[in-house]
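You will see two complexes here that share subunit A, one where it goes with subunit B and one where it goes with subunit C.
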Partner chain A sequence: MSTPPNDKAAASARPMPDAGTPPAHVDHDRPGRPKAAARGLWRFMTSSMAAFTGTTIVLAFVVVGALADVLVRTDPLQVFGSDLLHPPSAEHWFGTDGNGMDVFARTIHAIQIDLVISVTAVAISIVVGVALGLVAGYRGGWFEMVLLRVMDVLQAFPALILALAVVAASQESIAAVIFVIALLDIPVFIRMTRGQVLSLRDAMYVEAARATGNKPWRIMWRHIMPNTLPPLIIQTAVRLAWSVMIVSSLAFVGVGIQVPTPEWGAMIRHGSAYVTSGQWWPSVFPGLALMLLVLGFNLLADAIQDHLDPRKD
Partner chain B sequence: MSEHIEARGVVKSFSVRGSRSLVKAVNGVDIVIPRGRTLGLVGESGSGKSTVGRCLLRLLEPTAGAIRHGGEDILAMRPEALRRHRARAAMVFQDPYESLNPRMRIRSLVEEPLMLHTDLGASGRRRRAGELMRMVRLEEFHLDRYPHELSGGQLQRIGIARALATEPEFLVLDEPTSSLDLSVRAGVLRLLKRLQREHQITFLFISHDLTTVAAMSDEVAVMYLGTVIERGPAAEVLGNPQHPYSQALLSAALSVDPGERRTRHVLEGETPSPVDIPSGCPLAPRCPLQRDDCRGALPPLHEISPGHGAACVRVPEGTNQLPATAPLPIVTAS
Partner chain C sequence: MGKGLGRYLLYRILLLIPLLFGVSILTFLLVRLGDSSPAVMVAGPTATLEQIEDIEAEMGLDRSLPEQYWTWLTNAAQGDLGTSWMSNRPVTEELWEKLPITLELIGFGIVGAIIFGVIIGIASAVRQRGLVDQVLRIVTLAGVSIPIFWGALLMIAFFFTVLGWAPAPLGRVERGLELPPHITGMLVFDSLVSGYYATAMSALAHIALPALTITLITGATIAKQARAAMVETLGSPAVRYARACGMSERGVVWLAFRNALPDLIGFFGITFSLALGGAAISELIFSWGGLGQLGLEAITNADFAVVQGFILVMGLLTAAIYLIADLLVAAIDPRVKLQ
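So, the complex of A and B:
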């Protein structure tokens, strides 16, 4: 009990220099996993400029967003009554908006709401889309046909119009926004997963899994699904960028999240009234934040795509 | 001798997408294998031998026919019974690179059948996996590798270990050595032979490589266009082929002695498409010995010696030997 098990294993491994003989009883997985993940992340980040920039931006947003309450002491809803539309200064780094609220505090706090909505919506659409896509691709038949036609109908609507209609018709704004983004993302994940499954369904190892006596759901989950992961990861980053855009776009046109709540789209809309008279800061700063996050996700998607390309190594 | 595997009149046709025509991959094949014996199934690519193997395991649903395994009707099994039956009848696939999931560790692959079919706990599975690895002459540490980290020969032995995990009674070996180097091939064949002897496993050995079939099989069946045109004891069929197609197929096999000049039989033309199979003897359109009565119905297997039969109308009269074509001239570099 005095030494942790992996130290012992490492010690017993050292005196055997030949690579072919493995150390006895090493559980490669459990103790090394977090470290290996960190090493993998570092290798990915340093693999290209896009990977480095994308990962840095996204990680920075996640960390700053999570710690927003600690990092920025100013309440994003506090009204500085005498300081309406105050330009950027030492006191208000990004100035104040037309309501006299601190633009910096609001821009930072908006990370939370934009990220939470996008991540939740994309997570829901992955779960639903991948599950339906797996079944549709593997089983086929009427289920696949009906599902695909329903998705055709869904995708035939212009995304923003559909989102507008759904969100405007419902009361609870945040839940409605999450719902509508998930609804728009689900067809993407269904089609992608189904396409992958179709190309894998006839793979020899899937037949072998059947010959071994696997149940259909286990074949889908254990044998097919893991092989659909690379495009899924790429698509996730793409859809996250797109979802952040939709959240902000909805707020910008005035549905979904409403003004006092710190949200980039709503802030841009509210500030746009003053841009012509020279008070650019209430819209430009949230706009830049939005742009930077979307850029981060897109760079990440590109970098993952390059990284997972088997022809690379 | 009790018949362990018995299939009668197996037919399998596939519909062609976007057309009404059917691809008739298998046209009424009978397969009988006694317990612990090997039937070698030979024929060129597309003759339907793999389809027969898959039908016997019901990996493909036969269009017609009856299949029994130790007296049990395979085709009557409900999905759950069939799934459990897979512990008793397994398959070794042709391409070990393609038939092992690239994202699973060897351990998961080898332990999977145990997890599905036995009530062994984690430690029991671990022990059995180690046993299986020794059985196929691999090391226990290979279990922690991924498929891409092993060689083709090692992977094929993993495929065999996986198939043997639940101690099946019947194994369909679909060209198990065709993707292997010659040096590795002999080892895998010896291993299979030994395991068969030790565990009394019944083999259906599918191959187009006549040398390995000769080494492995007790009986041999020759397939052409979805039909068995000749069958019998391995030495009989391979040493004294009677059907014109078998004669041509065997004369095309290379000998280890490059100087050996053997009689050569050449069939004109290409194998017809399995979409429109000629009625009667499937070889008739290409056979130099073809006559009018070849065209009617499929000839029955005429017996030459006990257990050795060939589906050629000329067999009873003994006029079924192909004329020899001139041997190919030896081309020497000058």
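So, the complex of A and C:
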């Protein structure tokens, strides 16, 4: 028995769109976008104390770091020959270090190098990690197997020690530091994205997207990836905090960035020799800046988590 | 559980083999990635190119990488990890000697961190959103954000330079004191057992600052996790039901803690592996002379054999901790079954 064709319904139904047709109401370059983004940022900032403090700290570091040359006229490499280890004064706000360089100028100029390295490294690891995680989660199979085993090896021993070994072995210091931090961050993003994909892969809407003939890449990118964003944003803040910490830890041990380049870890290393004789300022001030920036990122991570998941706490 | 436990242990140990294999290949390649060659360092700054090449040949560095790795692997399988060019001693012997020194420091630090972290975490979670919680949250977040090497320097600046309470950060014990016979290699333990009380007191005074640094900074991480886990279980239906039945507040907290414990033990494992790196750096600051200092100095001096051995031991330690954590969780959590 055949069902009678419902000609009326078939005629009135909209024709099936071709696979890959973009949704009708996406207007990418609306002029109101930046305004909406600013409003969103403001709403986030005022949502909690942590959000406000975290955003303020990070924004302050970004602005001061970008404008360091304008804001602080003292050259971070200038040696004030007669003023070795001069305590904080009106002339040198944070005092001078063992080479007679101005600690304040060095601390401020170090923001650039620490931020640029961390942001670059985390950006690389997000791109690589999310891409690999999407494929591993969606495709599975041997690719996923191999990838996960490699990640096991990478995460099997303390990250800091692996980083030290890599950077010490190579001569290109800044590139090596970026490379190794990205390498250590990639597993985090792979595991996170893969986990998200596994829980979404069989969702009804993904099935629908597949049924209408979307290519796997398109499904991964347009349908699954956007839903992995919230945890990704939280993890980005966490990893930025961690990366800043690793950059300076490496320099502190004496691999990677070296004195006289203004970098917090290197400065703390250089100043550590004078701590026991009471000259605390060459190592305390850069450490304070380092801690403040890491704290800023950590606050942001906590606040974003609360903001996206108000149920918790 | 007897037979199942044996089989599970065997399975985990077998799983370790490919992992350590991977770790060793990775480190082998990584330390040889760059241009820094130990031969150049051994030969000194005035050496000619020929002398350097001679030394390279002697150390086996002129052979191909797979050949070098194969030699290393076959030797390592027999317990020979090569010779350090810095001290000219077998790596295995050096690692074995330094291991207890580091374990003692980490032991004190981590045990302190767990006690401190769990207490703070519970106190914070019980008074969720109250004043105590707010203050503790800020303090823990600040603690999490302090790099351990800077924290160690602050401790020295405060407790040694300003207050003069702590001894100088130069090793494990006052110079000139009689050392106890070697039993475990852990100085505090050895001198207490052998009755060297003056040495024990001095060793305790020396371990206080580095251990306290690890305790405070690692403890902050644990406190953060403990708070989150406790908030979760305190709000769980089981705990709410117990409270509704009229269980005392102390009983409720204990129940919530019991339920959070499996998660917490998992966290302890992860935190411990993080603390290994931090502990290595604090060893450097306090001239502790343990595994961490040995490894970090080997890294900056391109002492390949020591670096390889050091990273291998670190990998083994991490794996052992994860295994212990998993076994503990299986022992206390009836929902978890070893497979």
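Quick note on the criterion: the second predicted complex is superposed on the first by the 280 of 313 C-alpha atoms of A that agree within 3 Å, B and C clash if a C-alpha of one lies under 4 Å from a C-alpha of the other, contacts with A are read in each partner's own complex, and residues count from 1 in each chain.
Here is the rule we use: a contact is a pair of C-beta atoms (placed from the backbone, for glycine too) under 8 Å apart; a residue touches a chain by one contact, two chains touch by 3 or more.
Just so we're clear, the structure is a prediction, and the values are computed from it rather than from any experiment.
**Q** With both structures lined up on subunit A, is it a clash or a fit for subunit B and subunit C?
**A** Fit.
**Q** So, A:Leu160: does it touch subunit B (first), subunit C (second), both, or neither?
**A** Only subunit C; A:Leu160 stays clear of subunit B.
**Q** Is A:His223 touching the first partner subunit B, the second partner subunit C, both, or neither of them?
**A** In the superposition, A:His223 touches subunit B alone.
**Q** For A:Gly81, decide between first (touching subunit B), second (touching subunit C), both and neither.
**A** Touch status of A:Gly81: no partner.
**Q** Mind working out whether A:Pro34 is in touch with subunit B, subunit C, both or neither, as first, second, both or neither?
**A** After superposing on A, A:Pro34 lies clear of both subunit B and subunit C.
**Q** Quick check on the superposed pair: does A:Gly141 touch subunit B, subunit C, both, or neither? Answer first, second, both or neither.
**A** It touches nothing on subunit B or subunit C.
**Q** Under the stated touch criterion, which partner chain does A:Gly213 make contact with: subunit B (first), subunit C (second), both, or neither?
**A** After superposing on A, A:Gly213 lies in contact with subunit B but is clear of subunit C.
**Q** Just subunit B (first), just subunit C (second), both, or neither: which does A:Tyr205 touch?
**A** first
**Q** Between subunit B and subunit C, report the minimum C-alpha distance in the superposition, expressed in whole angstrom.
**A** In the combined three-chain model, subunit B comes within 13 Å of subunit C at the C-alpha level.
**Q** On subunit A, what residues does subunit B touch that subunit C touches as well?
**A** The overlap between the subunit B and subunit C interfaces on subunit A is empty, containing no residue.
**Q** Where on subunit B is subunit A touching in the complex?
**A** Of all residues in subunit B, those touching subunit A are 57, 59, 83-87, 90-91, 93, 95, 98-104, 112-113, 116-117, 141, 144, 159, 162.
**Q** In their complex, what parts of subunit A are in touch with subunit B?
**A** Interface residues on subunit A, with respect to subunit B: 21-22, 28, 203-205, 207-215, 222-223, 226-227.
**Q** What residues of subunit A sit close enough to touch subunit C in their complex?
**A** My answer: residues 149-150, 152-154, 156-162, 164-166, 168-171, 241, 245, 248-249, 252-255, 265, 268, 272, 275-278, 280, 283-284, 287, 290-292, 294-295, 298-299, 302, 312-313.
**Q** Would you pull the subunit C residues touching subunit A in the complex into a rising list?
**A** These residues of subunit C touch subunit A: 18-19, 22-23, 26-27, 30-36, 128-129, 141-142, 144-147, 149-150, 153-154, 156-157, 160-161, 168-169, 231, 273-274, 276-278, 280-281, 284-285, 295-296, 299-300, 302, 307, 310-311, 314-315, 318-319.
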